[in-house]
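Going by the order they are written in, the chains are A, B, C, D and E; count residues from 1 in each one.
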Amino acid sequence: MAVAAWLGRRAVAALVTLLVASILIYGALRLVPGDPVLAVSGGRRLTPGQIEALREAYGLNQGLVQGYLDWIGGVFRLDLGTSMTYQTGVTSLLASRLGVSGLLVAYSAALAIGFGSAVALVSAVKGGLINRVTSIVAAVTTATPTFVAAIGLLSLFAVGLGWFPATGAGTGLADRLWHLTLPAAAMAIAAFGVLARVGNAAFAGELSREHVDVARGRGVSGGAVIRRHVVRNALAPLLTVAGLLVASLFVGTAVVETAFGVDGVGSLLVSSVSRRDFPVVQGIALVAVVLFVLVNTLVDLALPAIDPRVTAGGPAR
Amino acid sequence: MGEDVLGITRLGLAIGAGERAVPLLADVTVRVRRGETVGLVGESGSGKSLTARAALGMLPRGARATGGVTVSDVDVLGADSRTLRELRRTRVSMIFQDPRASINPVRRVGDYLTEGLRARGVPARAAAERAADLLGRVGIRDPRGALRRFPHQFSGGMLQRVVIAGALSTEPELLLADEPTTALDVTTQAEVIGLLRDLQRERGTGMLFVTHDLDLAAAVCDRVYVMYAGRIVEEAPGASLFAAPAHPYTKALLEASPSVHGDKVAIKAIAGRPRSLAESPPGCSFRDRCPLAGDDCAGQVPAHRPHGASSAACLHLGGVTP
Amino acid sequence: MTAPVLAVTSLVKRFGSVAAVDGVSFELMPGASLGIVGESGSGKTTVARVLAGLERPTSGTVTLAGEVVTGHSRRTRLRRARLLQLIFQDPYGSFDPRRSIAASIAEPLRLHRPGSRERHRARVAELLDQVGLGSRAARSLPRELSGGQRQRAAIARALAVEPRVLVLDEAVAALDVSIQAQILTLLDGLRRDTGIAYVFVSHDLAVVRHITDSALVMRHGRVVERGETERILRDPRHPYTRLLLDSIPSPGWDPGRVARDRRALDQHPSHGESACSTSTV
Amino acid sequence: GSNASGKAAGPSITTSVPAATAEVGVITWNVPAGEPPTLDPARSAIESVSTIVANLCEGLFTLGPGYRPEPALATSVEHPDPLTYVIHLRAGVTFWNGDPVTTEDVLYSVQRILDPKLGSSWIGWAAHLDGIKATGDDEITVKLKKPDVVVPNFFAMPAFHVVQKSYAEKAGKDFGTAAGGVMCTGPYKVDDWAQGRQITLTRNDAWWNPARPKVKEVRFTFVTDPAAQVAALAGGDVDGQFSVPRAAHDQLAAKGRLLYGASLATTFLSVINPDGALSDLATRQALHALIDYQGIIQSVYRGTAQPLRALVPPQAWGYGRDVYQAEYDKLPQPAQDLAKARSLVAGSAKAKEKLVLAYTPAIEEENRIATAVADAATQAGMRVELRPLTAEQFGAVFSSPQARAGIDLLLSSGYLDFPEPLAYYQFFTTGNFYNFGGYRNKDYDVAIAAATVTDDADARAKEVAKAQAIMARDLVNIPIATQYVSVYHRSGLTGLVPRQSYLNTPWAAELGGA
Amino acid sequence: MTLTIPALRARAARRRRRPLGVTLAVAFLALAAVTAVLAPVLAPHSPAATSLLNSLAPPGTDGHPLGTDSTGRDVLSRIMYGARLSLLAPLGVVLLSGLLGTVIGLVAARAGGWADAVLSRGMDIVFAFPSLLLAMLVVAVSGPGLAAPICALAVGYTPFVGRVVRSMAIQEGARPYLECYRVMGFGELTVAVRHLLPNVLPVLLAQSALAFGYALVDLAALSYLGLGVRPPDADWGSMIAEARSAILQGEPWSGLLPGLAVMLTVVSVNVLGEHLGAAVSGDRREVA
């Protein structure tokens, strides 16, 4: 009962967030000064008459509320409008690129979460020198901007050593993973640092809890204590942070996809922002926010399975 | 002395090494016989918990121990981790003050209870049977349902029963109870103590009962050790603790505690505050708060001397109870 | 006949569906000491918090020095504070960790007794002296003091505005026996010297016996027994009071009986809950 | 180190390469400008579109070597009087789907771009159009209201690229997009457009032109980041691309074939605000004197550019070369002379007024040029404020006066689509829409007007050169350099002469194995 | 008297325990701040002085200790001047978001109920926009430049600060000393501003330090994508972006050095923030 009510509350909260976010996204981009139609020109010369004709064609003279209703209505029909530069539906434009970006995010999240939590656990359990070294590594990687990492990896592993392809997304799953290794690693570096730190704190915190001592005092073996009482308990904060990271990785693709010449949603976002192709920007922003809310709601929904106390109203800690 | 389930002899404990070592315990000697309830009382910081934990072989990080600790003739301080684990699985159990902190909050109560049994090699199904059995024994209604519930769904008193059930599930020879009722209401305390005593008597388990409540110690324990500043200052039979306190500290404590029984008498406060071993003055640790203290107390740490049914570490025993 | 300094009538406080306090009434004469005892969750703290204005009562009134305290205006707030102060269980948490003890004590003075810095300083020294603390403690941060010292400082701060009622919520529960005795002695002396009245909330009957003249026994938010403290201890009339007394360990104590009695009481929860009418203590 | 100071003039220009002999299965070609928004030739005024469309669609004529018009879907054009052009269509040409090309298709293709809603930038050709109609089964006639010698050049431009009428009408708004596709006649046809990834062209085996392409399939990728491009080219992920990042010239030259060609492009400063500090000739002369032309060519363009004396580069002299050359030689060779600039500034009150230099920092070379110019101006005692523009703002400068407000000087690069200097110079006549600087010079206007109606090559060249000399003196435009076209492809390929006409002639059809 | 000694010793020990990393971080940040402020005095060259024929000189070249960039500008001078925008812009973000977050967090915590629900939900909604996305959205609206992204990031980081302030304020508000002030007769506002805020401040500072690092990276990424700082202004991010082709040429210095400056700054503020945060929780732990 408590669980069902709690799940219901989370779902409603997620929907409210999405609703307000969609209004913000649409509203902000419609209140733009200047003329979005110029995007269509691709920087070439247009006469004022041509511009007026294009404004008409894109329905930019419409009222804000009506515009929003039309747009959100379209969203429910999976129609995000028409790109100004590409002249095609934003939905199909995104659909063709979401695969690459999704894989990139998943790959990068897997790297960051896998290495991050492993390093966090090992350093928390071993302590001492290992802990100090990993904390320095984590501090430095956390502070490594994605674009710096991208440049570094690109010049070292692609241009210098030639171990990985420098660009493109490849075809077929194996080839694609091969191509996306460097971009995923570039994105994963900072996320790794964050996870290593958060994970280390979580694991160390759990390790110092009395029930861990109690378990040891009952003769439970070291491995089982770690598995059953430390990892399991630290999972909640780790999962929460990982959820936030995954969603921000999606936007992080803007940087790596540009740096590695991957044609995904991120590079589309960058080019659309600089061309002010609003239907595309709106569409991507909406997808990013939906993804964020979705991932975090999923994490929220998973939390009761990890920590039953969350549904009892209290915090996870 | 095969009768002793716990033998702590001249246990010393210090953290750090050399110049910067901080002493925590000195010269602590405690014995618990089979089926006996032994109290360990003292104010906070006197080293009760450290002593109890030492019996499990759980020393604070970076601490060095001197002296000896044996549980059922196994040398705890010298034991390797395997022996120690085996010992903990089969012979000693410990109950802590706060049951909520003692149980992993994210696992089911059933997991907590069966974990100890499974570690001993009991098959899963049999372990679950035993766990339900135990819960029934400690007075929890619907034991089977309780196995599937989470700790936060229990009240403090009920949860302490679960912990007790867990501690007894392995049928230990020695039970270390570190203030097991301090977090509970007085009425609940009575119930839990009753339960603990029944189970312990039934199985002949030896129990080291740590508390700061003199009344409780006197009521429950066969023998009581009084600790002050990391040392045992008095050892007395439970019954004579009130009647004839041997050490000035014990006497001062009694005089400082108000009581519901008998006539209303004024209480006498003790000057100063309790010390830890590291902070205490050289010689007798209690001397700066002691009304009987003389210059001789500063010289050296007084040795234990018998006094009536008790023994105490004081040079002026005659001044306490003639 | 003097008027009561504090009177509470039909006090009710609900949290959602839980009635934490359910129809509590009592009066407190100047210089008197009233104990409130009961098991955990019986509503003792809630009564104390309502008295101090930290919770609004759902219904019922609190009358201080003949005037009903209602509303949250600045005037009410200040008047209440001047008449009644509260001491908490946790003597560490009662102080701003960043401020020295002297600074913390000076604060209520500045609010209620405007005056020069010098005057305040002198008064702080006087207050600290009254509770047996020296100038070194005055300069310390709360974390540099022991629990007993902190509780003394908390008492000094409460006394700063010379209130007529001091509400103490488990004020000695966290202290070691030897320190607890010091504080109890201090409180005794203060009442004798200043004529301040206490509402002493505790679950420890022995302490209540020591410090109070009369007492209320609460259970599930209601008063189940009231009267002179000695009388209640000698001759408990309500089974719950009896249970509480029986729970206190003593030589020859039978915890098994406590368990049985409690079960019996739980099975007849209505037993005597409102047996005692509102008699003035 | 590549400290530019020590370097020699730079790489040389390639004007011919061995023809391709071997068939090649697939090549992967990168379009550094990114994925094209459309493949509609009418909207192919941006590099990403033109590079690909050039292989798909054909006009009536095309530009051959030396940027000379050559017949394509037309066989010939007659010019019976100054206002009339009669074009004869080639017989037997079919679209990819096998349908024959009709005059109706040609007329449809030309006329659709005249619809302003389409937003085609080729619309400009029709400024003096009177009418265009079919005058026979394989003949169309273009009638002008006023003589305009520039017009025939457009016949080789995408303005006259032929698309199938029925197909285009059916596709409607989607024509040219990934969904709608295109229908043309060129040597390649669209096989697949995987949006966001690549566009694949396959050979049109039914091409009318007997010069069969050697490459069967061309895959276009759209890597925009220079570092990624270089890594892709060097690593062999991509076989080639035009406009190779200059920074990687050394690196790539060692890998495969890196070729340069002269172009019709100019980088120049133009006066946008006729009333500000730049209304003063001395200020403009100071500006002209303070630019480090040599540094720009060596360091910014890494030797792949040439200094210019006039706005239109010599490559664009499509006729009357001798005349042009002689006149060009008379113009002063630009060189930095800070002392002269300083004294000019010292002698002019106007020169010390603040002036705003707008530019597009997204184009790395222009970012550096603008930075260097501003710094040199500061050294000469001028006050230059840099105003970076986005591509969009840059576009707006050409269409809205508000966007031009506050800008005194604009750094831009442009190119002529065909070798007719008039096409550029006519923009600066009094009252011309694109004459943002409000340049007014009667003599200039007269010379341009005369050239526009002069059919004879040398005579026309004389008039144009006269105007050119006037402009060079008035300095309303300060030409800085003309860049080379560059192309890189892996070794083993050949046949591609680096020319700017890759933007409108089927260049892939020339490429093939060595 | 005996009490004095351990207490003093503990205090001294606490002071001595400041880790080397924190000292280094503070030193670096101080150096960066001084450099930024005194750039006109300290920088050997004007950051705008070009020399096309002396471009991409390697570090150690005469007169250019860190070399020159692709337009021949002195890298050291540009890093020094670049520090101004690079540090000032995130500082603006932090100040704005700190102010907003503190007010919202305190109001939500103290008001509770309906106001808390609305404010918290509002923060959740803003939180659903990754900060870089928010910054790119406003750039799409307003065109490149720093002012809009600074505001956007400030809004974006508000929940980052506000949530922590709120939970700290609730946690701290439940501690008896604040109730003591209320019992003493102090008003809500006085309690919140005079007593709650100073005790929340270390957490606020810690959180702000972390936000500073994030903002620095976000703004640099924006500049790297060509959507942030517009030339001729330069921050470290735009310097890296401008150096991209130089990196291709195998002359990475003019990009690596500002990249290093970004990393060192971010590491430093992170170390500092974490230290502040740990100091706070350590303070709490001592009590428990």
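In this section, contacts are C-beta pairs under 8 Å (C-beta built on N, C-alpha and C of every residue); 3 or more make two chains touch, one makes a residue touch a chain.
Here the structure is a predicted model, which means the values were calculated and not measured.
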| item | value |
| --- | --- |
| Contact-graph separation of subunit A and subunit B, given in steps at minimum | 1 |
| Most distant chain from subunit B by Cα centroid | D |
| Most distant chain from subunit C by Cα centroid | D |
| Contact-richer chain pair (by C-beta pairs counted) among D-E and A-E | A-E |
| Inter-centroid spacing, subunit C versus subunit A (mean Cα positions, whole Å) | 54 |
| Rounded Å distance between subunit A and subunit E, as computed from the means of their C-alpha atoms | 22 |
| Length of the line joining the C-alpha centres of subunit A and subunit D, rounded to whole Å | 41 |
| Touching two or more other chains - residue numbers and ranges from subunit C | 146 |
| Per-residue overlap in subunit B, given as positions that touch at least 2 other chains | none |
| Multi-partner residues of subunit D (at least 2 other chains) | 225, 227, 230, 362, 390, 392 |
| Complex contact set, residues of subunit A against subunit D | 34-35, 38-51, 53-54, 57, 83, 85-89, 92-93, 96-97, 100, 151, 154-155, 158-159, 162, 165-169, 258-261, 263-264, 267-268, 271, 274-276 |
| Partner subunit A, residues of subunit B touching it in the complex | 53, 56, 58, 81, 84-90, 93-94, 96, 98, 101-107, 111, 115-116, 119, 150, 152-153, 166, 170 |
| Of subunit C, residues touching subunit B in the complex | 39-40, 146, 148-149, 176-182, 184-185, 203, 205-207, 209-210, 230, 233, 243-256, 258-259, 262 |
| Touching residues on subunit A, where the partner in the complex is subunit B | 209-211, 213-222, 224, 228-229, 232-233, 236, 306-309, 312, 314 |
| Interface residues, subunit A side, partner subunit E - complex | 13, 16-17, 20-21, 24-25, 28-29, 31-34, 136, 139-140, 142-148, 151, 155, 190, 197, 247-248, 250-252, 254-255, 258, 269-270, 272-274, 276, 278, 281, 285, 288-289, 292-293, 296 |
